[in-house]
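Here's the structure we're looking at; comments come further down.
Residue numbering begins at 1 within each chain, and the chains themselves are lettered A, B, C and D in the order written.
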Amino acid sequence: MHLSGEVAERDAPPGSMTFLGAITHALRDALREDERVFLLGEDIGHFGGAFGVTKGLWEEFGDARVVDTPIAEEGFVGAAFGAAWMGERPVVELQFADFVSCAFDQIVTVGAKTHWRSGIALPVVIRAPFGGSVRGGPFHASCPEPSFVGVPGLKVVCPGSVGDAYGLLRSAIEDDDPVLFFEHKALYRRLRGEFPGSGHRVPLGRARVVRAGAAATVVTYAAGVDLALRAADGLDVEVLDLRTVWPIDEEAVLRSVAKTSRVLVLQEAAGATGVAGHVLALVARAAFESLDAPPALVSPPATPVPFAPPLEDTYLPSPERVRRALEELLDY
Amino acid sequence: MTRLALHRCMLLQRLVEERIVALYRQGRIAGSVYTGYMQEAVAAATGLALAPGDVVAPLNREQACHYARGVTPADVFRNFLGKGDGPTRGRDGNMHFGVPARGVFPLVSMLGDLVPVTVGAALAFKRRGEPRVALTYFGDGASSVGDVHEGLNLAAVWRVPAVFVVQSNQYAYSTPTERQMANTNLSERLTGGWSIPCVRVDGTDALAVYEVARDAVERARAGEGPQALEAVTLRGHGHAGHDAAAYVANELRLRFGDPIERLEARLRLDGLEEGELAALRDDAAAEVAAGLADAEAAPDPNPATLEDGVYATPLP
Amino acid sequence: MHLSGEVAERDAPPGSMTFLGAITHALRDALREDERVFLLGEDIGHFGGAFGVTKGLWEEFGDARVVDTPIAEEGFVGAAFGAAWMGERPVVELQFADFVSCAFDQIVTVGAKTHWRSGIALPVVIRAPFGGSVRGGPFHASCPEPSFVGVPGLKVVCPGSVGDAYGLLRSAIEDDDPVLFFEHKALYRRLRGEFPGSGHRVPLGRARVVRAGAAATVVTYAAGVDLALRAADGLDVEVLDLRTVWPIDEEAVLRSVAKTSRVLVLQEAAGATGVAGHVLALVARAAFESLDAPPALVSPPATPVPFAPPLEDTYLPSPERVRRALEELLDY
Amino acid sequence: MTRLALHRCMLLQRLVEERIVALYRQGRIAGSVYTGYMQEAVAAATGLALAPGDVVAPLNREQACHYARGVTPADVFRNFLGKGDGPTRGRDGNMHFGVPARGVFPLVSMLGDLVPVTVGAALAFKRRGEPRVALTYFGDGASSVGDVHEGLNLAAVWRVPAVFVVQSNQYAYSTPTERQMANTNLSERLTGGWSIPCVRVDGTDALAVYEVARDAVERARAGEGPQALEAVTLRGHGHAGHDAAAYVANELRLRFGDPIERLEARLRLDGLEEGELAALRDDAAAEVAAGLADAEAAPDPNPATLEDGVYATPLP
């Protein structure tokens, strides 16, 4: 524990840790502290993963703890559940979150239902880089979290800051349930922050007020947090980072909306899927009387993610679009 | 010893399933029921080939495997009857249950899903250097599922101590094996396609299956990588309670004998007296009757507990 | 066409056609009228399918039009897309809708994205019996439509009446997009009605006011329609059957809510997933000013579907629960 | 004739990919780029083995197959550059496109997905009695995917006119074949596991691949059921533009020659003069240059059209 903290600080002087680096650190610390933790995924060993998240881990922990897999998402996700049944704590990497469609059945069938049916806990974390702005197109830039938001038995986590990337991943690995951990690709090397220390944990299921405000609430997560902060600049707007997008921290949403009476949901998943539908349904039902304006939504249109820059830039919510929506909301 | 254990497990499956079919016909069991009638030898022999520390993921046709692991007829009845203190507490029905304390993973309906899960359990054993084995089953029909391929390939390339039992019972629901695959010899296919040694064995011969299964389990345990066996049988009943299986050709029926009668003939050759055999049957029948009585007296599940346990660690 | 109409009427005298029979008829008529139509699925041939929906079709149309498949949902759904690429109009049966998780990747990847990416139309219908009340438990009674509601490129249809079962299926087969067609198992033999005639078509994407009312709107679909009608007995409540649950007929929802000012969403899918989230998000954003009460939701809790009758009966929305929710909504 | 066509398609792939890598390095192509460097013979030969009415679903490494089908360098550049009049109208990038009018299905990234799709196209041909063939590719790495198994099994049991080309190029991204499967001889596995005849061929020998591919296509067309070939090559570049492939052992690099040089040596033996060869190269280079100029002049996509075509029949 001490060691990992020291090494972490040596590797990454304060303030200079990237979002990606925080994830690497969380994996390294978890591997050091808990024998039951091991990593599974395509090209995560000597190659260090498609995005380099596991760089250096194979060298430190070897073949038995950093396991390169064949291309078989159903297979190795299923194997992770089997190992978890035996008391291990596997952390799976999907090369791109888009490929979670290939492991969908194991996740919603074995992963989601086993504890409820049998009492067998399946502590598996499935990490996956998601989201757009890297010109990934329809198969390398999507936001698949709506497929899992609402599924009983699963937890879905989408960190939006460097500290949370570390603290949420540590908590996810220590959690006894299957956790989908989506890492926004655009944050990997762009977001920088302090290394929070290897004792840092962020509880699952708890949203965070990133910026307090009284006139409106933006409910968002992942890359939306930074976007919301930029869009809200100079406005009296509260930004709530859900962090865990399923189950949703309903209390935090309602608390903020009770204060501000106006709410905008911002997400990179298309339309009203996933978080948007759940949060809007929640505020409509439970905060109806306290709302001074119809809830607003900023999210991409219902299309796959387009590749070409002029298309993707139109598709993705921009600070300007969020700003306009906020101004409309405040002016209502 | 083993022979008597085989006989007991097979007989329990036969008798419990007889009761279950009767209860289903009387409308006292809801949903559907599946039996492993005529496949009891495979289930019993493979279950008994395992050591206590091994783990297993059986399917619908392998009730005897549960008995081999120490699950009781009362447990089975409680699950079929949806009782509140059964293995799934009424949350799932029929053979859709496991018994974690006995190393039995709960059946998952999506065919093929348990193959990767079993491989993962075996991977844990290998990682930790534990001399344990994980075993699972899949049907001739289920062999077409992608997860089976992915799981077998992982097992082979990782050389984990897993054993796969292929239940070649001629049908997947109403569809005969020839309409599911070009080459119906699955042991050839497992060997040729996945490099997993697979021995084909007459699944109505409990002793033969036991020999082959014990060898496979011991080779896997010894670090020789994944092993398989293909047990050739005929699914004795329809696919499920409602299916009369009119589509099964009569000549097929004639080709497969009753595995329990076959084992009993062997026990007689071993010197077991008719009276002793009758006593074994009486014991099993008594255990089944007591199990059913137990289960019938068990409480229904409490609807107020429905949402408990969705998560191992509920969020605040 | 004439022939099929005649046979249909002969087979099923007016008023006595079941929901299941209407589906069989729709398949038969489509097979007769269009050479490009063929059926794919497990045990749908001589056996007639797990629920008997395709009974008699193999006898009439033979092996080349009623194709028994191995157990390979990704495989035969993918094959259906390939055949559709070549101009065929395959209709796939999944034995239970729960197993759609096994074909998920092909559906959301190949099915949903191909036309947008390439202009190749993939006219495939995927039929699947779904829903509870038959003691199916966690793997044979679920409502998987939320996995597809919101997915661009897919259409999702859930008929709630005998006439619609026929008319929507015919339209789905004639439609040029991939359509998921979920048939509620509880309606198969319980619902009876008139055979609408083989020329009958119900347009996709259009909801239907099943019962007019002025004091509140119930938005629902599939088995919810009958449930809502029973619960609303004697109340001045409008029942809107969405029929196509994705894309949602937003106009019809808003029109009804504008009239009644009160809305309850009733679904058998858990929590606020799928239709509930989308419809509640819609009314919250677009009908905010016209609402006289917070929108209400009746749906099962966030658990898998339980098997035992006392559990399943608690899990599923009952007429009493819907009635209570309606009374609260009206009293607000 | 065929030899010249092979040469042209291979050369186009080589030259277009060279330009593309350069453009990518200059930051003028967004996203990622993949090449089929050193695998051009497989792509060209299998593409040319098809008849005009046949259909094909190529992947990233098979650009020459597009040329064999009549797709132009300008089409390819337009897609890489995300142009509004390219095959995907800027909606997808790099080789992630098809050209429906040329019987080319758009690449889908999820490895394995195109195998069942291709089987379905072949099923349509069989149903209608059309003498047409559907062909697709999968990598040694992708052979582990469940969809590949499901698709191969369907093809075999339905005996459809499909041809599968296995690209055994030693790696899946950074992972060598030995870490993906127990037996790396995929032709043995296809034959033994799926009963699909599979011929192993040196993938740097365009003429040999062409012979084998033409045989496979004609056997499939003649109703002999699905056929396969395994082309053994080495992926010449890294997995994608950003991957230097430092992990590839040098001795592997030495084992595989350049397929274009090999074909040119053969053309020389056939009597082609150096000047004639140079002219062929000049023609290809001119076609590539013109294609790029064309593509660069093409319009960007119009964001207002983003939502068009999500559905073939939009709902009211």
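The rule we apply is simple: a residue touches a chain if its C-beta (ideal position, glycine included) is under 8 Å from a C-beta of that chain, and two chains touch if they have at least 3 such contacts.
The shown structure was predicted, so the numbers you read here are calculated from the model rather than taken from an experiment.
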Touching both chain B and chain C we find A, D
Farthest chain from chain A by C-alpha centroid distance is chain B
Computed distance of Cα centres, chain C from chain A, in Å:
32
Compute the distance, rounded to whole Å, between the mean C-alpha positions of chain C and chain D.
40
Computed distance of Cα centres, chain D from chain B, in Å:
45
Multi-partner residues of chain B (each touching 2 or more other chains):
88, 91-92, 96, 108, 110, 144-147, 150, 153-154, 157, 179-181, 310
Per-residue multi-chain contacts in chain C, two or more chains
70, 72, 74-75, 101-102, 105, 109, 113, 116-117, 138-139, 152-153, 247, 302-304
Does the chain-touch network form a line, ring, star, complete graph or other?
complete
Seen from chain C, its contact residues with chain B in the complex are 42-43, 45-47, 50, 68, 70-72, 74-75, 95, 98-99, 101-102, 134-140, 301-304, 306-311, 313-315
How about chain B: which of its residues touch chain D in the complex?
144-150, 153-154, 156-157, 159, 179-183, 188-189, 191-196, 225
Spell out the part of chain A that touches chain B in their complex, as residue ranges.
38, 64, 69-70, 72, 74-88, 90, 105-106, 109-110, 113-123, 152-153, 155, 175-177, 203-206, 244, 247
Touching chain C in the complex: which residues of chain B?
30-32, 82-84, 88, 90-93, 96, 108-112, 141-142, 144-146, 172-175, 179-181, 247, 300-303, 306-307, 310
In their shared complex, at which residues does chain A touch chain C?
101-102, 104-105, 108-109, 112-113, 116-117, 138-139, 146-147, 149-153, 247, 270-274, 276-278, 280-286, 288-289, 291, 293-297, 302-304
